[in-house]
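Listed after this line are the structures, all set down as structure tokens.
Next come two complexes, and both contain chain A; in the first it sits with chain B, in the second with chain C.
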Partner chain A sequence: MNVTTLRTKAESQIREQFDAASASLPGTGWVSALRARAMDTFAAEGLPSRRVEEWKYTDLRDRLREVPAPAAASPGSVTVADIDAALGPVGAIDAERIVLVDGVYRADLSKVTAEATVIELMSLAAMLTKAPAWLEGKFASDGGPVVSLNTAFMSDGVMLKVRKGQDPGRPVLLVHARTSAEPSAIAVRNVISVEVGGKLTLVEAHVALDGAARGALANVVTDVTLADGAACDHIKCLVDTTSSTHLATWNTKLGKDASYSGFQLTASPALARNDINIMFAGEGSKLDLSGVFLARGSEHIDTTLVVDHAVPHCESRELFKGVLADRAHGIFQGKIIVRPDAQKTDGKQMSQALMLSPDAQFSSKPELEIYADDVVCGHGATCTEIDADLLFYCRSRGIPSDVARAMLTESFIGEAVEKIENEDVREAIGTLAIGWLRDE
Partner chain B sequence: MAAVQETIEQVKSIDVDKYKYGFETEIESEKAPRGLSEDIVRFISEKKGEPAWMLEWRLDAYRRWRALKEPTWAKLHYPKIDFEDLYYYSAPKGTTGPKSLDEVDPQLLETYAKLGIPLKEQEILAGVRKAGEPSPSDAPSEGADGYASMKGKVAIDAVFDSVSVVTTFKKELAKAGVIFCSISEALREHPELVKKYLGTVVPQSDNFYAALNSAVFSDGSFVYVPEGVRCPMELSTYFRINEKDTGQFERTLIIADKGSYVSYLEGCTAPMRDENQLHAAVVELIALDDAEIKYSTVQNWYPGDKDGKGGIFNFVTKRGDCRGKNSKISWTQVETGSAITWKYPSCILRGDNSRGEFYSIAISNGYQQVDSGTKMIHLGRNTTSRIISKGIAAGKSQNTYRGLVSAHRKATGARNFTNCDSLLIGDKCGAHTVPYLEARNSSAQFEHEATTSKISDNMLFYCTQRGLSPEEAIALVVNGFVRDVLQHLPMEFMAETQKLIGISLEGSVG
Partner chain C sequence: MLEIKNLHARIADDGTEILRGIDLVVPRGEVHAIMGPNGSGKSTLAYVLAGRDDYEITEGDILWNGESIIEMEPDERAAKGVFLAFQYPMEIPGVATMTFLRAALNSVRKKRELKELTTPEFLKLVRAKAAELGVSDEMLKRPLNVGFSGGEKKRMEILQMAVLEPTLCVLDETDSGLDIDAIRIVSEGTTKLRGPDRAMLVITHYQRLLNYIVPDKVHVLAKGRIQKTGGKELALELEKSGYADFTGKAA
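And then the complex of A and B:
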């Protein structure tokens, strides 16, 4: 009997799209070979289903029924004003600006004033076309199905480097804008590195411009490498109104005495999966990750993180807060690994969900995997609805019920938002989150 | 301080007898041929003189087992078990239905005496107090306050290899209407009860090991507490593996009818051998309206030697069903033995206002691997559950807590509190926590916290500075660490547990 691998419609579409697009994707030689290998790696397992432990709560095979075609080159009619309008409060942040439209770097819309001695910026597409040999090592081969797909299809992205001991002084805003009127798929890869002693505040904003189609698919991978003593604040915000599917991966590697603060605001995509993988490669480093996920309707937001303490003397903190309304499903999976000999590790993790409607769902899987003894690690997870006592207290003070609920919800997510160090960014993110809450 | 002092003394004395239950009893036994087939299932069923429906039930389970795959998701590594190379039935010869203790092979009685398990009815569990005596003021005091008034009598069902040897205090229990006997006897005397409840909590094809057990289980205990009865004494089963190359498969079924209460204790030991032995038990608890079942286990199967050779592979399915409203099931376990432990005593909270509890101390040393935890499945309204798990890993062992707390969409007002702490002693061991929380309605209120740490240098320094040796200091800290769980153990087990904690951690200092 012949055994044939059953493919879902989406999986067949992906293969067909790859065969059709591979010739026009940037890069030849080892880049083409890399893409083909990644495609084969993906095809071997296909889309992850709930039988795959890491995807237990987000069955992509079931949820991704149709895959839109890769985005065509953008027509070029986008203006800075369009981008500003879509960015809202984030656009007002005083920042260096880099813009990608439909997955393609647009120098005309970007504005970077920092000296080339401080920041080095290149388009990934240009680099893939040149294909220097050293670049190949930047693409990990075992990042899971979503990263494999990204490697196969990546059209562009930025390669950003903060040079040794330098600090651009103001945040770098990386805008991922979508304009396509047809549902389309984009695959973007960003390669960020901060050299020894450098500092960077990076804000990634995902926006859809007026007229952008509903039901798009974005697959964005951002690799961050921090050299010894480097510091990076990395903020991502997505406030979606176009029922898109958002697959985002952060792979961050910390050198010695490095510090990394990450924050993610994810509001209202139809489906979002945020993968965060942190690797401590040098001693004495610090990690502070936080996030807010907001969902209503039948939206589904999954945050899955793995913090790998491979070396001793590192500290990690995670705080994630979710607000879930209607039939929304929020997921948090957080794994802290402490490798043998990673002594003196200090890890703490907390995930909390506030459920505003009876049918909201929250699934959490905080996980500790510890192989060293001289460590302090802990995690907590809670979920509940708004505390009736708190609500009663507010109402007894004359605050109407809906205002009281809003106040309590805002203060709930405030704890995570406050972790953002940069004041402008913090305010902009806070405004976006509160805007979503008041949108009910 | 008495209890702590006792543990410290135990820790001191453990060099000599690390696993003191490792002896073997030479007793003639009757075995089924090696391997597993439908014929073996028929053989076992025939040996037991079971009704036809039971044989069909077993054969059904056997066929389902053939179709199932061994689970591999647990954080356990062990050589593949050859299920065709085991004896699935072993019984001490000449024990087919002894009328009284006098007919029991004296070798057997001696075995249980060595284990500290008195089977003669006039005796009371060693180390506690004599029957009929009022609770003396010098009774073990630390942490035992809540149990001081408990009756001193314990009825015991002793299971040797695959067969129940003797059940004590039967008459007295019968007076209260409580049925406490081996499950084979229950199949003969009360088939209607067994038929009604067997497999309703753990169905035949629930998982690989439960299916295997359903096909070949040879004995176990059966308890039925009738409506409104508070069982007059603690019930206890003592399991002993003796025969070489045998698998032990017991099946325990406990039914607490409306408004009844029963407390059940389970203990187990096995001889020291270089080969691994398989133990796959199934325990089903059913609590009807307003009933309460308290199930306590001290699992002390042979854990293997210091190089990880030998030991019991313990794959156990334990599940309680709070079927009636206001029912309560509480699991308390002390896991110190077994080379491999795969065990998740769970509660299905079906009845409104029902409550599930899980208290666990899991200690691993040497090359032991423990993957244990619980599931609290909230289905009814206003159900509550509480999980307290304390894992202690020493030596080169791996100790995993794996648990699930879930609330169904209609389980409004579900509440859960989970606390799992792990303590690491030594830098070659691992402690892992894998909890799943699934809330499908907003009124569910779940709280989960877990910590992992080692015994802090400050604590040890403080203790040694006060004149305690490092061993004493560790015993003191560990006893404090597990105190939350110890308090939920019946008194008989507390003493034993504190000794076990000492024994299990032997060699972990330094």
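And then the complex of A and C:
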């Protein structure tokens, strides 16, 4: 019997784009086969709809009516000054800098001064072209539809490694810049690893340069592997007012006694879906995830976490805060799995939304799946307006209502921003967020 | 001069009448104490003076320097010199104490048509006043009142008062929850602010605060009205006899 899958226009476009582009995407041999398999995996299910539990609040099939064509190679006229202008306060952070423009690594705009004995940096496209056999194992086959699409279309990205026991001493800023004047789609894959005892602060900044088209689509997958005793602070920021769609996936695996602090600032995309998948693979590790999502108009920001405690004696913390104005919709889904062996797990999760309008919407879905019996796990969610008592307190000190409201909104997100350890990064992210809030 | 005339106020939500005709005059340069049992309307009076919109004024008026303030927003009242030290100061996570103080001071200075202070001027001012009140630099850097002890929060209220230089200070149960050392520090800070241009209303349940902040007059508030007015010795009498005489009276 033949099964006919009903395709949406977007799904047909994706298939056509793949057929047209696959020959020119980097890599042959097993890489081409990997791409083709990923495309087939994606095509079997298509874009996820609300009938798929994980996509309940973000019906991608319904929302993604058309898919822009893959970005063409950038004309090369981008300057460091253009990038700095788009980065704003983040550009001022003293950091190693790696730049991707329209999904392609740009050595000319990047500046990494750390020794090769500390950091190893390669372009993913170059590696896919070489296609060493060990690389194939880096690409999971079961990452879901968005990751499958990414695998099929990935044009470039970085492979970044911090060597054993090394610490670059300053953050690594990974810039994803978009310049294309035509709506375009990019698919970028980053493979980050921190070897035994190494340390890394990675800041991923997603920016649209002046003149970039509205309605772009970005699909960025970042795989992070922390070896035993490794520590990584991973910060992502997206402030985009060009009506773009942002699909971002973090897949992080923690070894023994590792520590991972993730933070995401997501402001004003038309649609964002942030998937964060954490796997505890070694005992004694710590996870601290936090984030701020800011939306107005009809913007839609979905943060979906899966934290998998597969081993005992690990600790996880999640704190996500949203500010929602107008008819914006914020979503937080947080699943914590505690496997039967994962005794002494300590997990706490909190999501909070501040509603600036009666028409804004916040959907929160915490899920605890606990199969071990000696664990401490908790979750909470709140949805509030600006606290009238606090507002009165500020005003009784002479602070006018609008200033007090702005201050309390900043205070609300401040608790999450404060989680960022690096002071320069924390201040830059805080400035970006406050800039968004004051634009009200 | 503060003049409260036949003030009636009720809870906006459910209409419960709390203040039932308060008449009170506090001239500039004087400190008056309001004492009363729990539920007498002391905190309501403090909130109504500061302009909290949980209460509705149904009758009467409040004049500060001859001008009615009951239609004014809380921040306008603050600019006119009204300051309420809260019984339970609020915690504002994510806002550094210095940032808050600066926003408050600049707001009132702007409305008082004074120029904003420069950063060095502001820091110098706050550090000097903070030192007098035993508020450390560390506390000033922390988010406002977050993780502060009861005593630290009350000292922070007095510090705000000292920085904003109000002319009408209302202290709502500033002694509640404090040990004797904290009461002494807070009282000394408050007493320093006594002056010919400043009126103070000190609300308390217990007499002990008034050993440190010696009032010119003491008023007994019960059942939403001033029941008795006397000198500072009235506080000592109340300490002995309690409030039974007043709570028994019909309103």
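Following the convention adopted for this analysis, the second predicted complex is superposed on the first by the 437 of 440 C-alpha atoms of A that agree within 3 Å, B and C clash if a C-alpha of one lies under 4 Å from a C-alpha of the other, contacts with A are read in each partner's own complex, and residues count from 1 in each chain.
Here is the rule we use: a residue touches a chain if its C-beta (ideal position, glycine included) is under 8 Å from a C-beta of that chain, and two chains touch if they have at least 3 such contacts.
Owing to the predicted nature of the structure, the values given are computational and were not obtained by experimental measurement.
K.L.:
Just from the overlay, do chain B and chain C fit on chain A, or is there a clash?
P.N.:
Chain B and chain C fit side by side in the superposed model.
K.L.:
Figure out whether A:D341 sits in contact with chain B (first) or chain C (second), or with both, or with neither.
P.N.:
Only chain B; A:D341 stays clear of chain C.
K.L.:
Have a look at where A:L149 lands relative to chain B and chain C in the superposition and call it first, second, both or neither.
P.N.:
neither
K.L.:
Considering only the touch criterion stated at the top, classify A:R395 as touching first (chain B), second (chain C), both, or neither.
P.N.:
A:R395: touches chain C, not chain B.
K.L.:
Of the two partners chain B and chain C, indicate the one touching more residues belonging to chain A.
P.N.:
After superposing on chain A, more of chain A is contacted by B.
K.L.:
Now for A:A231: first (chain B), second (chain C), both, or neither, which partner does it touch?
P.N.:
neither
K.L.:
Please indicate which partner A:I413 is in contact with in the superposed arrangement: first for chain B, second for chain C, both, or neither.
P.N.:
After superposition on chain A, A:I413 lies in contact with chain C alone.
K.L.:
Using C-alpha centres in the superposed arrangement, which angle lies between chain B and chain C as seen from chain A, in steps of 10 degrees?
P.N.:
70
K.L.:
Could you say whether A:C377 touches chain B, chain C, both of them, or neither, answering first, second, both or neither?
P.N.:
First partner only.
K.L.:
Once you lay one complex on the other using chain A, what is the shortest C-alpha distance from chain B to chain C, in Å?
P.N.:
It is 13 Å, taken between the nearest C-alpha atoms.
K.L.:
Quick one: in the complex, what on chain C touches chain A?
P.N.:
Interface residues on the chain C side: 50-53, 73-75, 77-79, 83-84, 86, 89-90, 92-95, 100, 103-105, 107-108, 111, 143, 160, 164.
K.L.:
For a test of understanding, state which residues of chain A touch chain B in their complex under the given definition.
P.N.:
53, 324, 340-341, 343, 353, 355-385
K.L.:
Considering only the defined contacts, which chain A positions touch chain C in the complex?
P.N.:
Counting only chain A, the residues touching chain C are 389-390, 392-401, 403-404, 407-408, 410-415, 417-418.
K.L.:
Per the contact definition, I'd like the list of chain B residues that touch chain A in the complex.
P.N.:
Residues 73, 409, 412, 422, 424-454.
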